[in-house]
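What follows is a pair of complexes built around subunit A, which joins subunit B in one and subunit C in the other.
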Partner chain A sequence: MVPDLRPKLAFVLLLSVCAFVLSWQVLTLLIALVLLLPFVLPTYHPASPRARRLFLRFVLFSVALSGAIITLNGWMIQSGEPVDTILGITLYSGGLLFGIQTASRLVLLSFSVLLFFTSTPIPVCINALQQSGLSRTVVLMLLLTLHFLDTLPERIDRIFVAQEARGAPVRAGFVSRTKAFFSILSPLLLSSMAESVDRGVALELRGFLLETAPSFHTLPPAKPPSPVTVLLLTASVLIVVFSLARWLFP
Partner chain B sequence: MALPITLERVSYRYAPNTTPALSDINMVLQSGTCCVILGPTGSGKSTLLHLLAGVLAKHYPESVGEGVLTIGEHRYTPFPEGILFPTVALALQDHYVQISGIRDTTRKEIELTLETLGRDPLRERASIDRLLQQLGIAHLAERKPTALSGGETQRVALATILIANPEIVLLDEPATALDYGAQSRLKLLLQSLRGTSSVVFTDTRIDLPLDVADRFIVLHAGRIQFDGNRRGFLEQLPDLGDLLPVQDWQEAIHEVKGRQDSPLRQRILRAAGLP
Partner chain C sequence: MKLSEQFTKETSGAAIPFIAFCIALNLTAGQITSALKIPIYLDSIGTVLTAVLVGPLAAATAGAFSNLLASAMGSPTMAFFAPVSIVIGLFTGFLAQRGWFKRWYTVVLGGALQGVIAAICSAPISAYLFSGVMMAGTDFLVLYFRSVGNSIMESVFYQGLASDPVDKIITYLIAFILIRNLPQRLTGKFAGASNIPSRSV
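== the complex of A and B ==
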């Protein structure tokens, strides 16, 4: 039984629409909601401990990035009243507000996409796409790409461990880590691409692209979308229409 | 139902004006044969298997081939345009890539092959169970297929193609990552395939070919250096030393030439049906 991913995708769409049209006060509330969801709703629980770590790490990274965006805008866009002076840098209210709006948009967009991928295991995602009647070639390409991205951190870690075993100070600090990362980047990408080609051939050797496979033609008809999906999609459309109307007839 | 394979004057280059990977290969494998292809690295063993599976023409469009390949009643001049699965199934040397990664359990990974063929996995549950038992991986049925050891992955990869009941089974070094127990199971499995499938496999070690192969082909630089039955091969073994550089073959050759009472010599003589 392949889970219906449409409500989740509709939710991501709604959040993305909100990120573009709503004010930062509403976006902050939505960001809080997105952060709560993995703890409250089982559908949004991280799919694995690794996904949980990734989500939390991304949240911390986003907090730091948002701080930087807000500060830079407050400093560079000198409109409105001066709010404060920190280390000789004067921050202006207009710039700060613009920075907050931009940062909240970016954070909500990235969190909503991340929420979907951390709570949906790749196999489930691929199965759902296949079940929805997407071409097998496209599914195979997606599978290979996602598999490549999924295994990338593990590969980097393996290479780092191997380098450490040889005495290379790859994790001694930020600089050595960055240097080591760039030195392994091209062989890493090349080997991953070569493996993706091999994996494609291997799956073909298991009949993955057989156009004559009856299962390809006898997929069950897609079920009608659930009420939740319809509600979320309607809300997205209404928000877009309302925003357009407000823009056209101010 | 096993199918015969015939290659007539088959030559193959991965690109024009390059050294041929296979040169003037002529061979006839009767249906139900279990054939081993031996030879040093780069001799063309894997290329030959890829050619038989239909991989080469599709994935190396700039490659150049000559000759005629006949599989069963199908005649290809020179090679098939597409993958011949499920008639011909190939287990790759890198068994990790054969696992799709889109199924949570080993059982479901095997079922994926049946689904691509339009077969109902629920109806073939017994076949899957039997295959898992034969390969000694029944205990892995509910485990994640991407989190298995090398030997376990190799056997799961094998199961993913054997479940299709191919008429020709091609195995590229199927025993490399297997321990002694798993190798014994593989031997039994290959022996059980005799008659129902034609099997062609490559190997660098001595155990599997000695126990299951009834046809021996030795390749060197893309050319057949020896082609014969088990008895002929073992009689000529001392002369094939340069072409079988792997240690256990060297030991076998040394013992055949030397110690009269060596157990390995006795085993080889028994396998060859010699007094």
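== the complex of A and C ==
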């Protein structure tokens, strides 16, 4: 059973639309809501402990980054009244407001995208894409990407250690290190291409490339969108229309 | 030829696993550069390799999925730049099909052109969606250009022009060096075998 991801995607879309049209005060409330959701709604629980760590790390990073964005803009964009002087740096109101609006928009956009991905394992996303009509070539490509994402870091480490043992200057000067870079990337590319050719032959032998290829994994057709999805999409469209109308007829 | 037919033609046999490898390479190449302490990003090396060895549509697909997966892996803003990766894939594939990856100087010129195009494509996204703040070191450059009186759009565009051509020339040259040293036995299995120097053995 493939979970219906459309309400989640519609929610991310609604948050993204809000990020562009609403003031920073409303965005701050929405950011707080997004931060609460993983604790309140089971749909938005992080899919794994790694996803939870990723989300928390990104939240901490965002707090630090928002502070930096607001301070730097307040310092470097010298419009409006001087607000305060900290350590000899004068902050201006225009720059500070711009920094707050930018930071809140960036944080809400980032959090909403991350909320979707941390609560949805990538294989579930791929299944949902297949159910929505994505070609089996692309689905296979994505599944193989997951395989390579799992194995590549280990393979890079192994080549790195082997080349270092052979005397490649991986810790010498900049020019030597740049040369060593090719001694790592070349075998990596070569071995992966050889593996690709082998896998390609295996796919052909199994009839994957035929137009009437046998299907080993059939998913039921997608159901019509739920009322929640329709409601969220309608809200997104209404917000966009209202904002456009306000911009055209101030 | 229809786009779907062109895509099917490009992604036959070994191409599917190779594109998957290239998407993963886009996401993990940083591991090599950080281990060697080389100050380059290489976040589009896989897209360029796909464009040359497989074709433009496959490269556009690889670029788009690289950005979406990067979003899923902790860089949420990357998803919004998927259109830029699609343009990079299409343009590199276009150049490769016209023989620009057979000589080093056309590779350098192509990289510079690609850098300018990437700057033009990414500037509106960066300016209108993120007000020029991208959670990267280049944000300081944007702020500098803003502080000397430029608009957000101009600042982001100048920042792109300052950094993108250099990054893309390096990426193109690395891809060129890697590809020209590959054995023909392997490159011959891909649709773009004729795009690369014939002296490969």
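By definition in this document, the second predicted complex is superposed on the first by the 172 of 250 C-alpha atoms of A that agree within 3 Å, B and C clash if a C-alpha of one lies under 4 Å from a C-alpha of the other, contacts with A are read in each partner's own complex, and residues count from 1 in each chain.
Methods note: contacts are C-beta pairs under 8 Å (C-beta built on N, C-alpha and C of every residue); 3 or more make two chains touch, one makes a residue touch a chain.
Just so it is clear, the model here is predicted, and its values are computed rather than measured.
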* Structure fact -> Between subunit B and subunit C, more residues of subunit A are touched by C
* To do: Have a look at where A:Arg199 lands relative to subunit B and subunit C in the superposition and call it first, second, both or neither.
  => both
* **subunit B versus subunit C as contact partner of A:Val241, first or second or both or neither** => neither
* Asked: In the superposed arrangement, does A:Ala162 touch subunit B (first), subunit C (second), both or neither?
  -> neither
* Asked: In the superposed arrangement, does A:Asn127 touch subunit B (first), subunit C (second), both or neither?
  -> first
* Asked: Is A:Phe117 touching the first partner subunit B, the second partner subunit C, both, or neither of them?
  -> second
* Which holds for A:Phe181: it touches subunit B only (first), subunit C only (second), both, or neither? -> second
* For A:Leu29, is the partner it touches subunit B (first), subunit C (second), both, or none of the two (neither)? -> neither
* To do: Quick one: classify A:His147 as touching subunit B (first), subunit C (second), both or neither.
  => both
* **Interface residues of subunit A shared between complexes with subunit B and subunit C** => 122, 143, 147, 195, 199, 201, 203-204, 209
* In the complex of these two chains, what residues of subunit A are touching subunit C? -> 20, 54, 57-58, 65, 69, 72-73, 76-78, 98, 101-103, 105-106, 109-111, 113-114, 117, 122, 125, 137-138, 140-145, 147-149, 152-153, 156, 160, 170, 174, 177-178, 180-182, 184-186, 188-190, 192-197, 199-201, 203-204, 209
* Asked: In the complex of these two chains, what residues of subunit C are touching subunit A?
  -> 7-8, 11-21, 23-25, 27-29, 31-33, 35-38, 49, 61, 65, 69, 71-74, 76-77, 79-80, 129-133, 135, 139-140, 143-144, 146-147, 174, 177-178, 181-183, 186-187, 189
* Residue numbers on subunit B that touch subunit A, as the complex places them -> 53, 55, 59, 83, 85-86, 89-90, 92, 94, 97-98, 100-104, 112-113, 115-118, 160-161, 164
* **subunit A - residues contacting subunit B, complex** => 121-123, 126-127, 143, 147, 150, 195, 198-199, 201-210, 213-216, 218
